[in-house]
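Both complexes shown next keep subunit A, but they swap its partner, so subunit B is in the first and subunit C is in the second.
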Partner chain A sequence: MDAYIVHLERLPALFNAWAKDSALSVPSATPEGFYEFIPWNGEAEIAWDYDLIYNPPKRFVMPAKETLISFDLKDLQAKPVFEAPAQIVFGMHPYDVKAISQLDQLMELGIPDQNYLKRREATVIMALTPQSVAETAFWASVGAEEVQHGFDLYWTKIGPASFLVEVGSKKGEELLHAAAPPTRATVSEKEAARRAKIKVNQFARRKQLLYNWEETPRLLAKNWDSPLWRKNSETCLACGSCNLVCPTCYCFDLVDEVDDKLETGTRSRSWDGCMLTSFALVAGDHNFRPKALDRYRHRYFRKGKYIYDKIGELGCVGCGRCVRACTANIANPLAVFNALWEESTHAF
Partner chain B sequence: MAKKPKVAFFDFASCEGDQLQIANLEERLLDILEHLDVVSFREVSSRRGEDYDIAFVEGSITRLQDEDRLRGIRAQAKILVALGACACIGGINCLKNFLAENVYREEVYGQYARWYGTYAARPLSAVVKVDAEIHGCPIDPNDFARQVKELLLGKAPSNPDYPVCVDCKKAGNICRYDLGRPCLGIITRAGCGAVCVTQGAHCWGCRGLSPHANLDAARLVMDRAGFGRKEAQNLLRFFLGHTAATL
Partner chain C sequence: MPFKKDFSPYVPRPATLKEKKKLSELVTLFTFELDNGKALAHRPGQFIQLSIFGVGEAPFSVSSPPDPSKQTFELAVRKIGAVTQSLHAMAPGQKVAIRGPYGTSFPVLDFVGKDTLFVAGGLGYIPLRSLLHYQLRHRSEFGRIIVLVGCRNPQERIFTDQIEELTARKDVEVLETVDIPDAAWKGNVGVITTLFPKIPIDPTNTSVAMVGPPIMYRFVLAECRKLGINPNNIFVSLERKMKCGVGKCGHCMINDLNTCMDGPVFRYTDIEAYQEAI
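Our next item is the complex of A and B:
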């Protein structure tokens, strides 16, 4: 893979060049002391050492609400609606890049999701090697500490004011040349980036699964009847926060809205979550996951087994957002998987 | 729809803020009213009609004689819609329910306390069947428009049955609990877009309990976050005095 060296003082010129044709978002500290991607305004202070972006970056490829169809109530015609603004997300940590790569795979399966794919096509992702690790994160123990694809450029800080930039796509390489041409990285600079990654990954391993993550599907299959599901779900508020903040959760609901003249309307999708009581409610008032226990267990099976059965990866990238978002303090995949492991006999 | 449905607005113990919110729709209101025949609406017209299909009723029931009037409205209306927190859940009028009757009577009517009948405040549904609810204190005019359009299209008017946290996450807010503040969004019915949190406050519970609210868990969450029984109770009584009185 090609790699270049970019110095900090060259960044504003690059950012300004990119922001001409694309909506550019960069990581920045919020007034409350958290981090968010915010639009680049020419001078925003970049939070190079952020630990976790508060809200999941899935909104760039699947907004909380998005129109899919517009219709006319008089002539009963419907038209598809596609919105795919050119955008660049700069500074995404590898586990979040992995989450989007996972969405890429899932949205292509079966009937490809055209709205998603068009938006994704117009999105450039620039990864960034983390320098801090959130208190609740455990990405280094679920195979999400590094990514080999899913990014256009991959930035790693290797000196006080220098970055090694690995190229992931032709588009990325072109963008890197948008201002004065960058210099090619030497072998020792590549080595420095490798060491930076190893260092943060080692630190991130302080939060660990007690077993190899690839055992998770089998661990869950054995524990369908564990008493843990009932015990934990008793405090579940059915608030859906754990779903909505998850970078890999993609379920949505459909809503139809009409204008005030009752002449035209739109069909939109908006985020939904399997932890909400009526998520599995179908015709005839039948709910196939009526109890908190059913829904709570289902979410862990999605994260640890069902997604794995489809694409061979865990549905959890260990970002730790759900751990923080759950006010009831029960939405912690690491804690749940480890508790199941400790309860189990391990006689696989 | 062949004939425009006749619509009337009524109010009981309330500030009429919800009818004002409807008036605030301004030019949008004209489009919506194209499909309705408003026979009585104090906030926008002096017309008074007694023949109506849909009754929008604001306010809570606080006196015995209110019950008769409400039953009369119910008997006439094909569809009765509760408008706003006072009508839907009792709202802040229910604060008085936690005082002794002689205390709140004196507070309100002073030396004339004995002249007026009054009892514990309650939502419309404690007296008559309610067909639809437009929640909030005050209601969101867009929510009013949405539900009226659902009625006009022959759909059953609907409300979200999940907590405000869903709206709040969609809005991208920082959770109040991450800031060491309490919030009733964990048990309150969504549909407002979590406006109060978005504006920097917390959820007060004005849209009533979410139908599947886990109150025990909510108490635990507030307790762990450092808001003990007394604080939690005060917060819960603000809007939820009728529905969560036992807390």
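Our next item is the complex of A and C:
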């Protein structure tokens, strides 16, 4: 993989060049004391050492609400609506990049979802090696500490004011040349980047799964009837916060809206959550997952088994957002998987 | 991938309501025709997504059999939610929009040369009617046709005149029951499994197609097991909240299966290991 060196003082010129043609988002501290991707305004202070972006970046590729079709109420003709604005997300941690790569695969699987794929194609992702780790994060123990694909450029801070930038795509390389040409990285600079990654990954491993993460689908398959599901879900408020902040949750609802004259309208999808009571409710008031236990277990099976069975990756990237969002303190995948491991016999 | 880049699976096609026929207090049979002049080209057991723009979209099983001589298709719909209330308020000539057909169907060839046991609980008769009438049109290809129909009460019976015609035929065996009779009801009383002892079934040569309320399946399956019917020859159609119809939105999942694409019709042995199925 080609790698370049970019010095800090060159960044404003690069950012301004990129922001001419694309909506550029950068990580920054919010007044509320969180970190968030905000639009680059020419002078925003970049939070290089952020630990976790509060909201998952899935909104860049699958907005909370997105129009899918427009229709005419008179002749009932409907047309697809594709929105794919050019955008660049700068500074995404590898586990979030991995989450988006999963969505890429799941949205392409079977009948491809062009609303997603077109938006994704217009999105440039610049990964950034983390410099700090959120208290609730465990990404290094689920194989999400580094990514080999899914990014256009991969930035690693290797000195007080210098970055090693690995190239992930031709588009990324072109963007890097948008201002004055960057210099190629030397072997020692590449080594510095490798060490920076190892250092943070080692620190992140303080929160550990008790087993190799690839055992998770087998672990779950043996534990459908575990008492843990009931015990944990007893205090579930069915608020759906864990779904909302999850970077890999993508379930959606479809909603119609019409104009005041009742002539035209749109159908949109909006994020939905499998933890909400009505998620599997059908006509006649029959609910296929009536209990918190059913919904809670389903969510962990999706993350730990169903998605793995489809694409060979764990559906949980260990970002720790759900741990922080859950007011009942039951949504900790690491705690759930470890508890299941401890109570299992491991006899295959 | 054979999909075009501007293809959206979410765009429905306009269709016109041709006829309306009341089947019970809440259930009406609607006959539709696609405005593009093409047949729906569905298979027995498949479903469509019906849109009433501005109100929403809901999934319905197609009740008519595939019929190359006809452009129309039928949906029997119970008035129960927003979309179905609006649909029931429509008059012939008015338009809706249709996506689909979606999902798996009853594998017709698996029924050829065998006896077929239909087990229809309540509205379950609606999707089964598609397979049943298909078999009747190709009557000689199939063995005995046994139809068990169960309803909560006599007022909720649907397709009563058609069922009467079937009862009169010599080549179809029909048995009906209701859970709660009224004064005029002279037939069998009890849940649908009470009909099983009333009819001889050859377990070695019978395929089963069953659709009904969620509670029905485990009891009917137990009866089939008692008779010794090969579970490979049992087909069920399962209801879930199909929303997108293309395996993306997550609403209709049975464990990791998407009912909209992997179902709604399943061979029983394909789903018996799934905890959320039956």
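Methods note: the second predicted complex is superposed on the first by the 346 of 348 C-alpha atoms of A that agree within 3 Å, B and C clash if a C-alpha of one lies under 4 Å from a C-alpha of the other, contacts with A are read in each partner's own complex, and residues count from 1 in each chain.
Definition applied: a residue touches a chain if its C-beta (ideal position, glycine included) is under 8 Å from a C-beta of that chain, and two chains touch if they have at least 3 such contacts.
From a predicted model like this one, the values you see are computed outputs, not experimental measurements.
Participant: Quick check for you: in the superposed arrangement, does A:224 touch first (subunit B), second (subunit C), both or neither?
Facilitator: second
Participant: First (subunit B), second (subunit C), both or neither: which does A:324 touch?
Facilitator: first
Participant: With both complexes overlaid on chain A, does A:30 touch subunit B (first), subunit C (second), both or neither?
Facilitator: first
Participant: After lining up the shared chain so the two structures overlap, which partner does A:174 touch, if you call subunit B first and subunit C second: first, second, both or neither?
Facilitator: A:174 sits against neither subunit B nor subunit C.
Participant: After the superposition on A, what does A:244 contact: first (subunit B), second (subunit C), both or neither?
Facilitator: Only subunit B is touched by A:244; subunit C is not.
Participant: A:68 in the overlay: touching subunit B, subunit C, both, or neither? Say first, second, both or neither.
Facilitator: A:68 sits against subunit C, while subunit B stays out of touch.
Participant: With both complexes superposed on chain A, which partner does A:271 reach: first (subunit B), second (subunit C), both or neither?
Facilitator: first
Participant: Go through the superposed model and pick first if A:214 touches only subunit B, second if only subunit C, both, or neither.
Facilitator: neither
Participant: Is A:286 touching the first partner subunit B, the second partner subunit C, both, or neither of them?
Facilitator: After superposition on chain A, A:286 lies in contact with subunit C alone.
Participant: Hey, what residues of subunit A end up touching subunit B and subunit C alike?
Facilitator: Comparing the two interfaces on subunit A, one with subunit B and one with subunit C, the shared residues are 257-258, 262.
Participant: Over in the complex, which subunit A residues touch subunit C? Could you list them?
Facilitator: My answer: residues 68-69, 71, 73, 75-80, 82, 106-115, 118, 224, 250-258, 262, 265, 267, 269, 272, 274, 279-284, 286, 288-289, 294, 298, 301-302, 305-306, 309-310.
Participant: Touching subunit A in the complex: which residues of subunit B?
Facilitator: So the residues of subunit B touching subunit A come out as 28, 31-32, 34-35, 145-146, 149, 152-153, 161-163, 165-166, 169-172, 174-175, 177-179, 185-187, 210-214, 216-218, 220-221, 224-225.
Participant: Where on subunit A is subunit B touching in the complex?
Facilitator: 30, 32, 34, 36, 54-55, 59, 64-65, 234-241, 244-245, 257-262, 270-271, 273, 276-278, 292, 324-325, 327-329
Participant: Which subunit C residues qualify as touching subunit A in the complex?
Facilitator: Residues of subunit C touching subunit A: 1, 3, 5-12, 14, 35, 51, 53-58, 78, 80-81, 84, 95-97, 213-214, 239-241, 243-244, 246-251, 253, 255-256, 261, 275-276.
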